Every structure is written in structure tokens, then in C-alpha cells.
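One chain, chain A, links the two complexes that follow: it is found with chain B in the first and with chain C in the second.
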Partner chain A sequence: MKKLIIRRLLIGLLIMVVASLLSFTVLYVAPGNPAESILRERTGADPSYQDISLFMSNNNLDGNLFSKIAQWLVMAFRFDFGESLYTGEPVMAEFIRRLWATLQLTLISMGISTPLAIIIGVAAAAKKNKIFDHVSRILSLIGLSIPDFWLGLFLMIIFSRTLKWLPAFGYGSAANYIMPIITLCVAQIASLTRIVRATMLEKLSEDYIVTARGNGLKKKMILMKFAFRNSLGPIVTYLGASFGHLLAGAVVVETVFSWPGVGAFLVDAVYSRDYPVIQGFVMIIALFYVVINLVTDILYVYIDPRIRFEKG
Partner chain B sequence: MKKRLPLILAATIGAVSLAGCSGGGGTGSETTTASGGSGTTTAASQTASGDKILRIAGGFDFKSCAEARYLVFDSLLQSDMWGQITPNLAESYDVSDDGLTYTFHLKKGVKYHDGTPFNADTAKFSLEYYQKNNSPGEDIESITAVDENTVEMKLKKYNDLILYDIATPTNWGGVPMILEKDVDSEGKITGYIGTGAFIFDDSTYESGVKATMKKNPDYWGGAPKVDGVEWDVVSDPNAMVVALESDQVDAIGIAEHHSSVPYVQVSSLKSKGYNVETDETGRYQVLEYNCTKAPFDDKNVRMAFNLAVDKELMVDTLFEGLTEAANVITSPDFKYGPKKVDKDYYKYDKDKAEKLLDDAGWKDSDGDGVREKDGKKLEVKLIVPNGEANADAVAVYVQSELAKIGATVDVQNLESSAASDASKKGEYDMYVHHSGCMPGVPGGINPGGKYHSSSSWTYSFHSDELDKMIESAFAESNEDSRQQQVAAIWQYLHEEAPCMPLYSVKKLSGMNPRLSGYHVGQNMFDMSMIKDMDMDTSK
Partner chain C sequence: MIAQTANGNGSVSASTVYSEKKVSTWWRKFTKNKLLFISSIFCAALVFAVVFAPLFTDQDPNKVDLTKRLLQPGEDGSFLGTDGFGRDLFARILYGGRTSLGLSVCIVVVNAAIGLIVGTTAAFLGGIVDGIIMRIVDILMAFPSVILSLFIVGVFGASTFNLFISLIVLGWIGYARMSRSLVLSLKEQVFIQSSRTLGCSKIRIIFTHLIPNVFPTILIYGAMHIGSAILSISSISFLGLGVQPPTAEWGSMLSDAKQYVSLYPHMVIFPGIAIAASVLIFNIMGDGVREFADPHAKKIIKT
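Let's turn to the complex of A and B:
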């Protein structure tokens, strides 16, 4: 186990470096120039060639791709990504502040949606083709089909504009969490319910279940001890992936509710070609993916004792 | 009972989500009534102490916005929306006969927010910061503090346009009056100690969330009427409208130079009793032509296109008449605008457009509805940069209008950086863009501007003749003579039809009726009018 963790961490380090390097190189080669986008946003006018070259030299942007990569490597090893070209703030400090905002959304919405989705999914599988199953399937289909921004604005119109119960934007007070979390939870519950139901049904049709039934075991016992326990693998895999996804991908919810999170900031950075932010953020988000995947793999061992990593 | 728990839970969630969905049909027709609000969100403008705090929705973080600088910093001079320069922190200024030396006489008794006196030394430091960090700074020879209240700026060559920068209190292309301690070790302005009407409170600032300022009671221009300003970041334009309607902010749109309030929301906001201000900034949305290759290397084709699009109809149908159609390149109201050019220069005239194309040799000989010349069809690529206001709708409209005269338009949406890269490489025939506005010389007729060959718009219309006209006009220190030369430039340019002007882009702001005293700023970034605004917290 120890060996596994060390090896995976080393591979993870490589993945982080490659992810950050790739994202930087792709953006560097892609059309667009940070000096131009940032100057245009700030002055509202087309920057002249002189303005652009002055901005480039003031911000140390001159030089070719290879010298940039060399600079980047130095920064990456020191884990200091410098300052954002746009805000002038240190990238690490900005990331940590924003990560906390995003993590809260991610953890709370996963904490709520996971048990609910499991309960609904298991119940739906147990009552296959009964009315509960149909209703939950239709609802989860609806939940999956509703776009985040639509649901967010819809909630805002109801709870902020009409009822005046909840704030439409803001960060910090408990009331600010409700709508973003509901928005995130709907899609999360909907997709996880479908996965739980499908996996459960697959397990329930296997031979050992038939045997268990034949042996006269209680239905509940079969459901929880046999089928559910064996379904945990795919569920945990999905949860791990969606955790990483929520971390970087809550962009829409963050934008609609003006949440000061990682995703929206990263997208803005891509638009303005804010290289230090992109490099830093991608690298740390990659780190999270690596850690989560590792945790997921370790969890497998506990979920399914048949899985052993020592030989691999 | 225990067995049932999951079921009950699931049923409850189902019921809740169903209730949410069934409510969806009703939202279209619902109306907000103020009496309906027995809710938990309170009007924060009425704080416990009774202070009048004006809450503004800002689309971006306070510190990354040029607009925000107008609240905290002042500049030596001021310019109005149309380019007339007036004194500000400099009570007056003299220009030497050769136009190379400017002497600024500073206001006495002005203090920075931390109590430091504003004087020739701080003004000198601010001007030197500009000199080092902005490209027109290269034209500055020296800056000297003559005495306590006098600063002298010597130029290497005549350039009175630099005064527009001196009239702008943002540190990007402007000269805010700052202190040495505002500048960090990297040379960036990160401190917010200015002489402006509002005092920034760094202790309550949250990056990407909010910023607060309190009024500067000793402001030299008179203390603001409100006690403070709260800048709340609301990134989504539709969320901004909800925030205004749910009384979480008092004003929206005021903190963005581009128009962040969706045009479609205007009539609904007005009908609910909110004040909507539409400020003319002189900025026009235009389609740039690539004048270096066929078909737009022929001025008759450019002119034909300009006449073929009914801009009046477009404004009425797309924007409900909220703004005006543009038939000249930039607003004639600008100091150096096309004052003498006929306001209807490019007015819709389809017959004339078709004749121009016929004469230019573009004819539909095979009867497929598309004109051709020398075996090449009249097909052009129109680039729509992401984020350009209303550009998608406008592009489709132009496409349909041009189809009527036998031209095919291929509309391509590009991410903004990629689009501007395409413009640099000339990979476009038409490009949705806008003319400039204050600060600066609008319309691109200054040295380095869009229609000067040294511009970064390499593929726009340029000629040696025009370059000479531009250079001569702006080297001319006699104002009458310069105005005559500018008039000649505009006449020449309009005949060349270098772009297709579409409509005047207005800056929209929505305000709670409890606010009063709004007036138009000195340019579309300026939000310093907030110091003149008052609020009636009883409303």
C-alpha cells in the first residue's frame, strides 16, 4: 500500500507538471495576447503598438516560447506563480482565497446530494418499474436536462425578486449558500441517482443474488449487504470524478451567483490570457485531481477486498 | 416506519422539485409588488446608524476596474464627454508659445485621504509615474516642481493630446494623483490613497466580492451627499437586474464602461418604476473593412455596403428605438468629430447601393442571387468577437440586409482574443468593432489611431495622403486652423467609406427611484457623479 501511494504521488507530480505545461503551451500558441486584451478592457480603446510593447516589457512577457517555459519551470518548482497580469495580486494568495469559496460549495452540495441520490437510486432499483421508480427517473431526467444558468436565474427570480427571501448575490452569510447549493445539487442528485439505480439493477440480476434469494435471505439484506455493497465501486469512482469536476467546473453557478470561486476566475484568466493565473490554477487543480483519484483508489481496497494493488 | 424513511424523503424531494417546475410557467407574467416583500432581505441602504450608503453593482472586482479609480483619485484636468478640457486639481494651466511647456497651477489646501498635502511634489511624482508606464510618456522631456504649487512639464515634441491623459484619473492611460506609498515594489499601483471624493477602506475589501468606501468629508469639491458607497460584485447582467429589483443594490450599470444592463430589460425596469439612464458616449458600433484585399479594396463596394443596410430599421426593431442609427463614422459632437459632414452621409439607399455594385463590376450573371466579378462570388467573412455588445443580433441583421443586394456574408463568432488576432493578421473582410470615445481622440484620426498607418489596425483604410493630413492637423497648435484640417480629414475619410457605422452605443444604468442627482460623466468610465447623488432613505 505504501509503495502504491508513493508511486501514484510521483506519477501525480508528473501529471501536474504536464497539465500545467500543456495548458500554458496551448494558450501561448493560440491566437491572442494578454497585453492587448488587458489594455483594451482597461482603456476601452484599441491599444497602440507602443502601448502593447511597453506592457509586455513591464510585465516580463517578451521572449520566445522556450524561454517562457524555462521561466515557468523555475516558478513551478518554487511553487510561486508570480502575480496576475490582470489584478496584480499574487496568484497563490488569490487561489487559496478562491479555493475556499469553491470548496465550501463543492463539499456542502456533495454532502447533501450523495446520501439523497443513493437513497433514491437504491429505492428506485428495489421498486423497479413501480410508480416510485418512474417518478424518480422522470425527475432525474428533468434535473439533468435543466441547464445550471437557467435553474440559477429561475431560483433567483422566485426567491430574490418575487419573494425577497434570499440574496441574489454575495458571499459569506448562510443565506448566500442556499441557491448556489440547490442549483449544484439538482444536477448532481439527478446524475448520481441514475448511476446508483443502473448499477444496483445490474448487481441485482447477478447469480449470487438469485442464490441469496433462493436461500431465503431477507430482501433488505440482499439489497444492502449484497447488491449495494457491490455497487459502491462505480459510485465512488463517479463521486471522485465529480468532486474534481465541481471544483473547477462550477463556473456557471459561480458566475450567476457572483460567487468568488476558482472556476469563474480561471475562465476570465483564459479570456485575458493571464498566463500566471492559468499556470498556477491548472497546476493546483491538477493536484486535486491526482489526490482525489488516489483516495478513490485506496477506498476501493476497503470497498472491495478482492482488489489488491501490491502486485500492480 | 424505518423502512419507509427513504421513500418519504424521496417523495418530499420529488414534490419540492415538482413545485419548482410548475412555478416555471408563471414567471413570464408575474409582477413584483413592493408590498409583497415581508422577506428576510432588508434594504441595506438604511443602516443602523442611519447612514446613507449607496450600493452599486459592479460587474468586476473593485481593484481591477478603471471605473473605480474615478471614486478615489482625481486628475489635474478634466475633460467632458466631447473633449473640452477644464481645470480640476490644477486651477489653471499655461502653455508656452511653442506649445512645448505646460505649467500647472495647483489648487491649495487639498489633502490626500491620509492627510498628506497635495502639492507640486506629489503631482510631479504622479506625472513621472505616467511618464514611465505609458507610451505617450516618451514625449515628455522633463517634469519639475517650480514651487510648492506649480509644476512644469516640458515636452520633446508638440503633442497637446497628452492633456487628455492628464485629464483621466486612472493609471492605465491616465494620470491619477497618487502618493509614493500607493506604488508597490513591482511598480504597480496597489494603494488607494487619493484625493478623491471617497475614501477606500482596505480593511473591508474582499477580492471579487465587495469593497466599501466612505465619503471624504473634506473633499475639495464639496463633501459627497451620501455617507458611503458599497461596491458589490455581481458578475451576471441578469443577476444585476434581479439584485436591483430585490433592493439589494441601488444602482446597476454605472460601474461598467460598456453597457452591462441588457437592452431588453429596459422597458420592464422602467415600467416597474426604476430610473433608467441612457447616456450618449459618442461611441458607435461599426463594421471594420479589410481595405487591403478584394472586394473591399474598392471604395465603391465599401460605399455600396454602407448604403445597403437600413440602420434606422435595425435600431427600431432590435433595440426598440433605445438608441440612434449612425450614418457618419463617429459622433459629430466630439471636439474633433465630423461636424461638417452631412449627418445622413451613409443613409440607407438600396438603389444607389446596387448601382454602385453594378458599376464596380459586381453583377449577378448566373441568376443565383449572388453577385460575381471575374468568376468570384461576392462572399465576405464577418468576424464577431465574443463579448462585443449586441454583436450577434447585429451581425445577423447585416447578413440579411446584404443578401438583398446580392452579397453573401459568412458570420464567424470568435473568442475575443482570437478575433483580435485575426484582425492583426488581416484574416477578415468585415469585423464588428466600435469607434473610440473619450478619453482620447475618437474615430481613429489621431497619429497612431485606426486610420493612421502606424495603427495596429494594419488592414484598415490608410493612405499616404491621409497620414500627412493627420500628422499636419495634430501638429498644428492654432485651434481654428486645426479644426479646418480635421474637417478636411473627415470629408476625405467619409468619401472613402473606411467602415460601416451602425448605431450609437449607449451606456445604460438602472437606479432605484430613491436616488437623485445623477448626471452624465466625463466619459463612459467616469462614475465620479456619485459624489453629487443623494438618496432618500424613506422611499
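Let's turn to the complex of A and C:
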């Protein structure tokens, strides 16, 4: 088990280094000059050659490739990505300020959707090919097919425009949370339900279930203690991966609802080609992923004792 | 249908009797699988409507007519209304479907081809090649695809081509992993070993023995992913970073419509229904194809 975790940590470190080099070199070969577009945006006129070179030397955009790579690696390992070319604010400070807004959305949606999806999925698997199973299957397919940005706009049309119950934009009051969270939850519940159902059905068809049935154990006991307990591993793995999906979903949902989170921050940075922000974002997301994968792996070891006793 | 025409001819050779039987059982199995049958009909209708769009509307999807701005559905002879530039919404949805569906099919095909070749080669050659390829896969899998797409589009600029590239950079991984796991078990089978003994070159074994055997499963996997490809394309275009105006695409239409959401909701509702309905059709069809092809395929595809 120790070996497994050390191996995972090394792979995680490798991922971070590659992510950092990738995000750096790709930006280096990118077409166009960010200095020019930012200056044009700020002043509204075509910038002169002197202005551009002054801006570039102020923001360390010139210099040769090796010194830049060295500089970038030092910055990346200190998790200091410099200042936004656009606002002049430090990237990390802005990121941390906005992170809470995004985490609220992701964590609340996860807290709501996980138990719901598990209940629906287990119930559907227990009643395979009954009406409940068919209805939940069709609903989850529909939930998977609705684009999240459209669902957000659609909820806005219904609850803000027609019924006038909820505010369309804004951040802070409880009413602001409802629509973004529903939007994030729908796809999450739909996909998790499918995973839970499929895993449960797979486990229910195994030999030890037949034995348990033959021994005359109660149906509920077989379902929860045998099938569900064994399905936990794949479910936890999926939950770890879906945290990343939720972060990505937050990008779209934050844009729709003008939510002041990191997703909207990234999209703004992409529009204005604010390179330090984009680079920092890629690194931080990679770090999130590495940490989440590590946590999932450790959890998996606790859930499934068979792995604990395996070699490697 | 093929079976009927063969009967009509009267004289049928032995080999066609066999294939006729095969076709008719195949057809029966196909029509018995209701979800697959119905969704295939809808899918055919959708593709027909999109490909032969001029048959259904005489409007030009890109014609700007400021005298007909923001018409409501049904107003002034316009079926689904018009957008902020006076362009006909129904025509834009039909022609936009060409972009959305065409692009998603292209992306799935390219991803499947790359994944098939890379995965098969990695598994067959094994050793260092396999190790390197699988490490690359591990690293690429560390990124959520939307974030990486945004990164690529953000660096290289927003265009349809960059959107295409950004969805391929991560898209092939699933196919590669699957073909690799299939080939690993296939490689030990007798027919591969005997062709090795007969002196077939590695390339010959990969292309004439392994890939044809892996192909059907990859095809099913690909069919299941057309829906999600449509969703990815439209959400990046919705953010304004994919297909650029004036080209009609469902996601970018919604992006234009966003500013009118409180006054002219029809502009938001119809393109969204187009996306949701077509993704649903493709998802149901994907599920159906999987069940139809092989009940045991479920287990393989999940991993």
C-alpha cells in the first residue's frame, strides 16, 4: 500500500512538471503578441512600437527561451504565477479570492447529487426492468443530453422572467444559489445514477450473490451489505473524476449566471489572452486533479481490503 | 428489405440464401430492439433534415435583414422567428445542424482512428513503447477536457479548426485504452500466434488481424460518444471560443441569444431543443447499438 501511494505521488509530480512545461512552451509558440492586444484594449488605439517593447520588458515578455523557462519553473514551484497582464493583480490572490465562490457551487452540488443518485441507482438496479427502472433510465438519459448552459438559460426564462421568483444574476443571497446548483446537479445526478445502476447490476450477477440468496438471506441485506458494499469502489473512483467534471461545468454555469468564480475568471483570461492567468490556472487545476486522484486511491484502499493485501 | 428483393428475383444461389437468412434475422433482431429501432428512425430523419436543409426552408441562414429583426415564432411567415440580425431561426437551426453534427462525427471518427492505431500498436509491441504511450495517456488524463480545450483555444485563438484540434488532443485516449485492453487478450490467441509463426510482419499482423478484430467494439464506443461530442462542441462555441460567427452552429446561436434571454426567449429555447433532442437521439442509439451488438460488450466498454 505504501508502495502504491509513493508511486502515485511520483506520477503526480511528473504530471505537474509536464503540465508546467506544456503550459509554458505552448504559450511561447502561440501566434500573435499579447502585449499588442492588451495595449490596444487599454488605450483603444493602435499601440506604438516603443509602447509594446516597454510593456514587454516590464512584464518579462522578452528575453531568451531558456531564461524564461528557468524563471517560469521557479515561479511554478513557488505557486506564484506573477500578475495578470490585464488587471495587474497577482494571479494567485485573485484565484484564491474566487475559489471559494466556485467551491461552494461544486461542493453543494456534489452533496446534493451524490446521495440522490445513489438512492435512485440502487433502487433502479433492485427493480431491474420494472417501471421505476425504465423511468429513471429514460430520465437520466434526458439529463445527460441537456446542455448545461442551455438548462441554465432555460431556468432563467422560467423562474426569473416568467414566474419572477428568483434573481437571474448576482452572488451572495441564498436565492442566487438555487439555479446554478440545479443546473450543475442535473447532469451529475444523471451520469452518477447510470454508473451506480450499472455497477450494482454487475455485482448482483456475481456468484456470491447467488450463494447468499441460496442461503436465504434477506433481499435488503443482500442488496446493501453485499452488492452495494462491493460497488463502492467504482462509485468512489467515479466521484473523484466527476469533481473535475463539476469544476469544468462550473466554467459554463458561472458564465451563464455571471457567478464570480474561477471558471468565469478563466474564460475572461482566455478572451483577453491573459497568459499568466491561463498558465496559473492550468497548473492549479492539474494540482487539484493530482490531489483528488491521490485521495480517491487512498479511499479505494480503505474500501476494498483486497488491494491492501496485494503486492505493489 | 434486401431479403425481399432477393425473393422477388426468383433464382437465388446458395450463398445468397445464406446471407439472406443472415440479413433477415439481423433485421428481425434490429426491429425487436425498440429503443434502437425508434432512435435510428429519428436519427435518419435528423440527418436527412440537416443534409437536405434546402428542401425544408427557402431562407438563407446568413441573410441579414434588419427590417425583420427579432420576430416572434409564426410572425410574418417566419416559422421559429428571427434573431437579432433578422436571420431566420429555423434555417439557422437546420444549417447549424450541419456544423454541429458534421463536426462531431468527424471528431469521433478521427479520435477512434488515432486511438485504435495507437492502442493496438502499444499493446502488440509491449515493452518500452507500451510504457511510454501509457504514461502519456496517464498524464493527459489528468486534465478535465473542457479546461484543456479552453487552454488550447485560449492560446491559439478561437476558430473551428482549433476547436477540432482541442477535442482531439484528449479525445483519442478512451479509444486507445480500450483497444489496448482488447488487444492484450487477443494477442494470446492462437490465430495471432500462428500468423507470427508463419512469418507475418508486425505491421501486417496489426493491420490485417488485430485492427479488424478490435474495430467493431471501437465502432460501438464511437457511436456512444457522438452525443457527448455534440455537447462539447456546443458548450465551447457557447463560450464564444469555438465556431465563429456568422457560421451557424447551435452553441454559438445560443451564445448570440444570451443577451436577448429576458425579452425574446424563443431565440434561446429552439436551438437548445435542437441540441438536447439530437444528443438524446444519439445517446439512446448508442445504448441500443451496444445492446444490439453484444450483450457481453457492456463489460468491456465500461473499462
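Heads up, the rule we're going with is that the second predicted complex is superposed on the first by the 271 of 312 C-alpha atoms of A that agree within 3 Å, B and C clash if a C-alpha of one lies under 4 Å from a C-alpha of the other, contacts with A are read in each partner's own complex, and residues count from 1 in each chain.
By definition in this document, a residue touches a chain if its C-beta (ideal position, glycine included) is under 8 Å from a C-beta of that chain, and two chains touch if they have at least 3 such contacts.
Being a predicted model, the structure only gives us computed values, none of them experimental.
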| item | value |
| --- | --- |
| Partner chain in contact with A:L266 - chain B first, chain C second, else both or neither | second |
| Superposition-derived comparison: chain B or chain C, residues of chain A touched | B |
| Contacts of A:L85 with chain B and chain C, given as first, second, both or neither | neither |
| Touching partner for A:L239 - first (chain B), second (chain C), both, neither | neither |
| First (chain B), second (chain C), both or neither touched by A:A19 | second |
| Touching partner for A:S145 - first (chain B), second (chain C), both, neither | second |
| First, second, both or neither for A:A168, with chain B first and chain C second | both |
| Partner chain in contact with A:Y289 - chain B first, chain C second, else both or neither | second |
| Which of chain B and chain C A:R98 touches, first, second, both or neither | first |
| First (chain B), second (chain C), both or neither touched by A:A125 | neither |
| Shared contact residues on chain A - chain B and chain C | 30-32, 142, 153-154, 156-157, 160-161, 168, 255-256, 271, 273 |
| Contact footprint of chain B on chain A as seen in their complex | 30-33, 36-37, 39-40, 42-52, 54, 58, 83, 86-89, 94, 97-98, 116, 119-120, 122-123, 132, 135-136, 139, 142-143, 153-158, 160-172, 175, 186, 189, 220, 255-258, 260, 264-265, 271-273 |
| List of chain A residues in touch with chain C within their complex | 11, 14-15, 18-19, 23, 26-27, 30-32, 141-142, 144-150, 153-154, 156-157, 160-161, 168, 198, 202, 244-245, 247-249, 251-252, 255-256, 266-267, 269-271, 273, 278, 281-282, 285-286, 289-290, 293 |
| Complex interface listing, chain B residues touching chain A | 3, 6-7, 9-11, 13-14, 17-18, 20-21, 23-24, 27, 30, 32, 36-41, 57, 61, 63-64, 66, 133-135, 138, 170, 172-173, 184, 186-188, 190, 206-210, 232-236, 238-239, 242-243, 245-248, 257-258, 387, 415-418, 420-422, 436-437, 440, 448, 450, 454-457, 524-525 |
| Chain C residues within the chain A interface of the complex | 135, 138-139, 142-147, 150-157, 227, 231, 234-235, 238-241, 251, 254, 257-258, 261-262, 265, 268-269, 271-272, 275-277, 279-280, 283-284, 287, 298-299, 302 |
